[in-house]
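Just so it is clear, A, B, C and D label the chains in written order, and each chain counts residues from 1 on its own.
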Amino acid sequence: MDIGELILSTVRMATPILLVALAELYSERAGLVNIGLDGIMSFGALAGFMVCFITGSPFLGILAGAMGGILINMIYAYCTISLCAEQIVYGMAINIFAPAVASFIYRIYFGVSSTLAQDTLMKSIAIPYLKDIPFLGKLLFDQTPMVYFAYLMVVFTAIFFNKTKKGLNYKAVGEYPKAAETLGINVIRQKYVACMICGALAGIGGAYLTTCYVNTYSDGVVAGRGFIALSAVIFGRWSSGGVLLACLLFGFCDALQLRLQIMNTSTPYQLFQMIPYVCTLVALAAFGIKKAGPKANGKPYMREER
Amino acid sequence: MKLKKTLMSVLVPLASVILAFVIGAIIIAALGGSPVQAVAYLFQGAFGTPNNFASTLVKATPLIFTGLCACFAYRCGVFNLGGEGQFIMGSIATCWVATTWGIEGPGAMVLCLLCGIIAGGIWGAIPGILKITRGLNEMIVSIMLNYVATLFMGLLYTSVLRDGNVPQTAAVPDATQLQRIVPSLRVTWGIVIALAVAAVVQYFLFSTSKGFQLRAVGLNMTASRFNGFSVKKYILFSFVVSGAIAGLGGSVELLGTQYRLISGYAVGYGFDGVAMALIAQLNPVATVIVAYFFAVLRTGANTMQAGTGVPTSVIDIIQALVIVLAVAGFALVKLPQIRQWLAGRGGKKTAEKKEEK
Amino acid sequence: GAASKPAASASGSAAASGSAAASGYKVAMVCDSSISDGGWGAACYNAMVDAAADLGWETAYSDSVAQSDYASSITSYCDLGYNMIFLPGNQYSDATVQVAKDYPDICFAVLNGAEDLPTDNITSILPNADEIGYMAGALAGLMTKTNVLGFIGGMEIDTTKAKLAGYEAAAKAVNPDITVLSAYAGSFDDTAKGMELANGMLSKNADVFFGDASAVDSGARQAIDTANGDGEIGIYDIGQPADLLGQNPCVICSVVTDNAGMLKLAMQDAQAGSFGNKTIYGSFENGCLSVGAFNDELVSADIQSAYMDFIDQMAAGTFPG
Amino acid sequence: MEEILRMEHITKQFGSVYANRDINLEVRRGEVHTLLGENGAGKSTLMNVLFGLYQPTAGQIYLNGKPVKITSPAEAVKLGIGMVHQHFMLVEAMTVFENIILGDKRTKGVFIDRDARRKEITELADRYGLEVELDKPITEIAVGAQQRVEILKALYRGAELLVLDEPTAALTDLEVEGLFEIIEKLKKENKSVIFISHKMREVLKISDRITVLRAGQTVCTVERSETDGAKLANLMMGRELAPSHYEKIEQPGEPVMTLDHVSYHKASKHSGLNDISLSIGRGEIVGIAGVDGNGQSQLAQIVTGVLTPDEGEADLKGSKVAKFTPNGFIVENVAHIPEDRNKMGLIGNMSVQDNIVLKSTEEPRFSDGHGAHLKKKAIHEYALSMQEKYDIRCESVEQETRNLSGGNQQKVILARELEGNPDLLVAVHPTRGLDIGATRFVHDSMIDARGKGCGVLLISADFDEVLEISDRIIVMFEGQIMGVYPGKNPPIEEISLAMAGK
């Protein structure tokens, strides 16, 4: 097996999940569990694809994905933050609503054709010097800008939550919103901001699929990646480094299983497809996780409630 | 006062549902369809003929099971997102027994149901055991197990249990199938089993001491431990029972509706169940009603789509709007400001009464 | 990349299609994938629309239907007075049989239906999957330089398995040294999976690809195009079921299935009152399968004629042996 | 003296309940103004209105004579109001340092300037004599230390008007002294303090003026110099409270619970036990005195079966305890009033009646067939009788306990724990945060239980309470027993020294 190809594939498969997992991380750090990632992604995927298709610019596509993600996530934000409604239900609702809207728009605009419309893919940009590192350089430093963006986001997120004042305040909102409020932090605003970041990143994750990964949009492009991202956040113990590792593990297992499938055509392919899930379970069981995440996660916040 | 509150909590969601349909009607009209006609199709699809009415019940049956599955676990404070996997494992066990053991008839049917219960219970026990022994988050474990169960089912119908030239298993023999309640209608005894389970769960949770303790554990684990309830036992128990309910649901679905495993079997049932249980505020009887409402929406929507010819996605959009607006309506009446406003008039009286005391 | 132009918008479906005099007949399709998937769903939808246009039928469709909704969707159309329900796949067999019992006057046409499926009101439409495989395999065998071929399936369904078997058999008949790599995406719409699977095969030197995975195939073609880069095209893809030449630079030829033709036969039966109890086969012989246009730059005239020889042999029943 | 704050006609309604009704309050610059009232009188509500956490239903606030509208705590902070809340507003997942600098708006810059901030905080802590360990997570410090962090948080923000809502409930006498010194310093800096406490001694000592609230309404505002404890109690409750005196028992009955060389997480001095031997006899109250966080919680949890000791043995009613489970102890008739009523004692989202029968739903009087069918009517009637007997004030016994006032929550626990005539009662900080009336009620109940032959283990950080009702006093320090003293005429000096580890 070609190790280089495997690593490259791991990075490629992990990137969209990573972006979306970071989206969820920002959401949950503010106490908002959002299981509507699949939905946000599919809308981002469509928005990114259409804008890229029309303008020819993948970067505008990514931007559109972010805007689309924010737009869709505002439904979730308003209902769960302002109306204090159940977060899981709204995540579900987004998962039904957003892909349907995306599919509807695609159908109206592109109609029915025996071939899929294709957009321009974002070009890789090699990073000078770093790309010359033997073996790894070509694999890790000759990627599309969005891959670099995803990995920079990991670093940025780690710094933001651990070293900055705003990050500290942000975390407090997810841990104990009332305490945050008494310290003069605007909890409601922070939660809305969290939803915007979450929507933007998840939208970018979706747009990545259609502007950096494959050059077409189809209704099922997201294929459950949102739920994998959700798991990656829990697995990564709500830290950006942990989330990165979880996504890489997942990407690696997936890349590996695809290759094993090609090598062993006689074994039922479902056995290989189980590998990522079973690996995650085994890894979880081996390490154990006692940490439960932000304390006020999933709980609605009403200022005047005790 | 109380009456007014109940009234509001019915009226507001109802208004929300109507609002969702109004929005849907606008979309349909914009696409050149007739909204009135569309609603007529919806009702025709859900209740138009005795068989359509029966189909709606058939459609509601698996949703009731997965809803109750979520409801039971959440009552004990554990988030079982694995209803789908447990449902599938129940179906798998049932399918295996019904089609490969060479037995037929009502006895075989009962055995199949039992095996479904056991398989679902075992699949549900896994996240429970991992939670109480290793402290693993049950949500992630149960999501992963959903994927494993779905793939395992795929493995069975494409190779191990495959029957004939398409990727599907053999059908359950006629004699083992759940029989129709009325021969001319499609609905089987499955719906009766579902309602019975709902009644039992309702009774258990609210009228027995164990159910009482389980709810206490769900609301405050620390206090429950201090008050002598074995929290870990209850967690495991709730996972097993919740898995068993889903497993039974899978068994009923296989024996009464689908008869065989095939690609796309049970997709989405698990998360539908979670949403329904939460919309029903974890009340088993309300879960049944919400599940029925979902079923009405789905069967009706199929006819509406077929009749009006709007793209299928429009129907999904309307369905999502119904959830979004109905739940928002529920949440709205619970907001302090709104409650305050509702209490507005009756308020003074209560306060004065208290002072007399 | 070559951006294809958006096709005419198809928002409604109840709208009568086609210019032929309205016959008063109506056909509806119930499909589990999206009809704008640029693959199976789209091909089947277009087949129905084309067939209906010729005969002056009205069409309607429900797409993205969940497995548990097959029966109620079909029932809806029956209740709405459609004359024929078109079901593009074997997975609808159970639901079809169930509903067909209650609606003896309505015709059900199941594409890829089993041979034992037909009843008084059910007809199977069965393109010959073996032949599709042979046609692709022969060309792949002629074109490969590395002697490694790739095949990507969506789900492990029988027609796909038959196509794979035929592909492998024909390729080996052309060139015994060939090995065929195959894999299933487990999905018909996860394009990214298609890309990864193709990449995996590319790293094992596969240089001609064929697939049966709907939208997943477009991911695979994209991976091939990327591997070819801007230079000379050395890795190829064979398209199906429509003629895909020109969609991607790597497409050298297509195995074209004329589903519309077969469906039209079924519709004519319905009009004539002779519907049911039969299987309409689609093969190269009866013109329902055909070889699409060649990319003349990539496929030399010699190879084209050698290939057509094999096709003739296949028609004569002597290939692949 | 110049007025800093005036609150006029403040009314605050929760649903149909009036928590504040037409309240007037006026606070002057440089004074300590005390709010006095029973549990649920509306003190915290009024302060939360001032702090912008609640929006008043009606009323107007003036700061320095100018009308202001305080729409959020952020606004209040900007206006120079600081508040130490009754319930800790500490983020448990963060360290002491992080909790103090949270939401800081005074300093510029994106990053946390750890060194500079630490220096600043350390200086501040030194100036006011507040000892805190900046790098410890909140979960690892004792309740008293958490209270100090809360005070430090408020001081760090430098308010002109500081609200202290029951800051002394979890402090030792020594720490209270320290707090009072801080308040005096603030007064000298011409800052104003609104102080809330149920401890009359403290109120009398520190206040300049006192405003008494009753049932959400202002009773009156009095000068400290013109009043005394009895008068205040009368104003507050609308009735006289006779001075209490409890007889001390010198000869206890046979032991109900004996600990023999018990250790638990020995190494951790503040949350472990080191070689503890003690015995509680029937009909006596054994009081554990000591600064909070010296192993008291662990001791309480071992004698109620929640924790299992690492070493040593326990004897319950004459037989060795084989397995430590809460249920095992409950079956043996051990009652527990846990230290945190909301976290450990009550299921907040369940009703008063459900909480009252929490442990006994399987008894024949509340269910048929060993819990197979609950007798809801019997439960309801029983709860009504308990409401009567324990004077639980609530709208109905079907109301969720979460919404009751602290005193009434505690009474629900008492009704549950004492009704079974326990053989051993373990009471941890049973009167923390309770008003004098409720405190008296709890003490009377414990004495009653003692009279019925129950052995009582009282753990309290309130030294006065321990002195008042214990028949025997044990002092704990860093997980060890420092000494055992008689409850009658206890050597107070000696005990105080022992509590400090000397």
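Assume contacts are C-beta pairs under 8 Å (C-beta built on N, C-alpha and C of every residue); 3 or more make two chains touch, one makes a residue touch a chain.
These figures come from a predicted structure and were not determined experimentally.
Engineer: On a CA-centroid basis, which chain has its centre farthest from chain C's?
Structural biologist: Farthest by centroid: D.
Engineer: B-D versus A-C: which has more C-beta pairs touching?
Structural biologist: So, comparing the two chain pairs, more contacts are at A-C.
Engineer: Can you compute the centre-to-centre distance for chain A and chain C, using the mean CA position of each chain? Integer Å is fine.
Structural biologist: Centre separation, chain A to chain C: 34 Å.
Engineer: State, to the nearest whole Å, the distance from the C-alpha centre of chain B to the C-alpha centre of chain D.
Structural biologist: Chain centroid spacing, chain B to chain D, equals 44 Å.
Engineer: Could you tell me the distance, in whole angstrom, between the mean C-alpha positions of chain A and chain B?
Structural biologist: 28
Engineer: Express in whole angstrom the distance between the two chain centres, defined as the mean CA positions of chain C and chain D.
Structural biologist: Centres of chain C and chain D (C-alpha means) sit 75 Å apart.
Engineer: Going by the touch rule set out above, which residues of chain A reach two or more other chains?
Structural biologist: Correct list: 103, 107, 268, 270, 273, 304.
Engineer: Touching two or more other chains, which residues of chain D qualify?
Structural biologist: 14
Engineer: Indicate the residues of chain B shared as contacts by at least two other chains.
Structural biologist: Those would be 151, 154, 158-159, 311-313, 336.
Engineer: Return all touching chain pairs.
Structural biologist: Pairs satisfying the touch definition: A-B, A-C, A-D, B-C, B-D.
Engineer: Give the list of chain A residues in touch with chain D in this complex.
Structural biologist: Where chain A meets chain D, its residues are 163-166, 168-169, 171-172, 175-176, 178-186, 294-295, 303-304, 306.
Engineer: Residues of chain C touching chain B in their complex?
Structural biologist: 11-15, 28, 32, 60, 62-69, 71-73, 75-77, 79-80, 90-91, 93-94, 102, 114, 155-158, 186
Engineer: What does chain B use to touch chain C in their complex?
Structural biologist: Interface residues on the chain B side: 31-33, 44-45, 48-49, 51-52, 55, 59, 62, 151, 154, 158-159, 164-168, 171, 257-260, 262-268, 298-299, 302-303, 305-313.
Engineer: Which of the residues in chain A end up touching chain C in this complex?
Structural biologist: Contacts found on chain A: 2, 5, 9, 12-13, 53, 56, 103, 106-121, 209, 213-216, 218-221, 223, 254-255, 258-259, 261-262, 265, 268-270, 273.
Engineer: Can you check the complex and tell me which residues of chain B touch chain D?
Structural biologist: My answer: residues 207-210, 212-213, 215-216, 219-220, 222-230, 336, 339-340, 343, 346-347, 350-351, 354-355.
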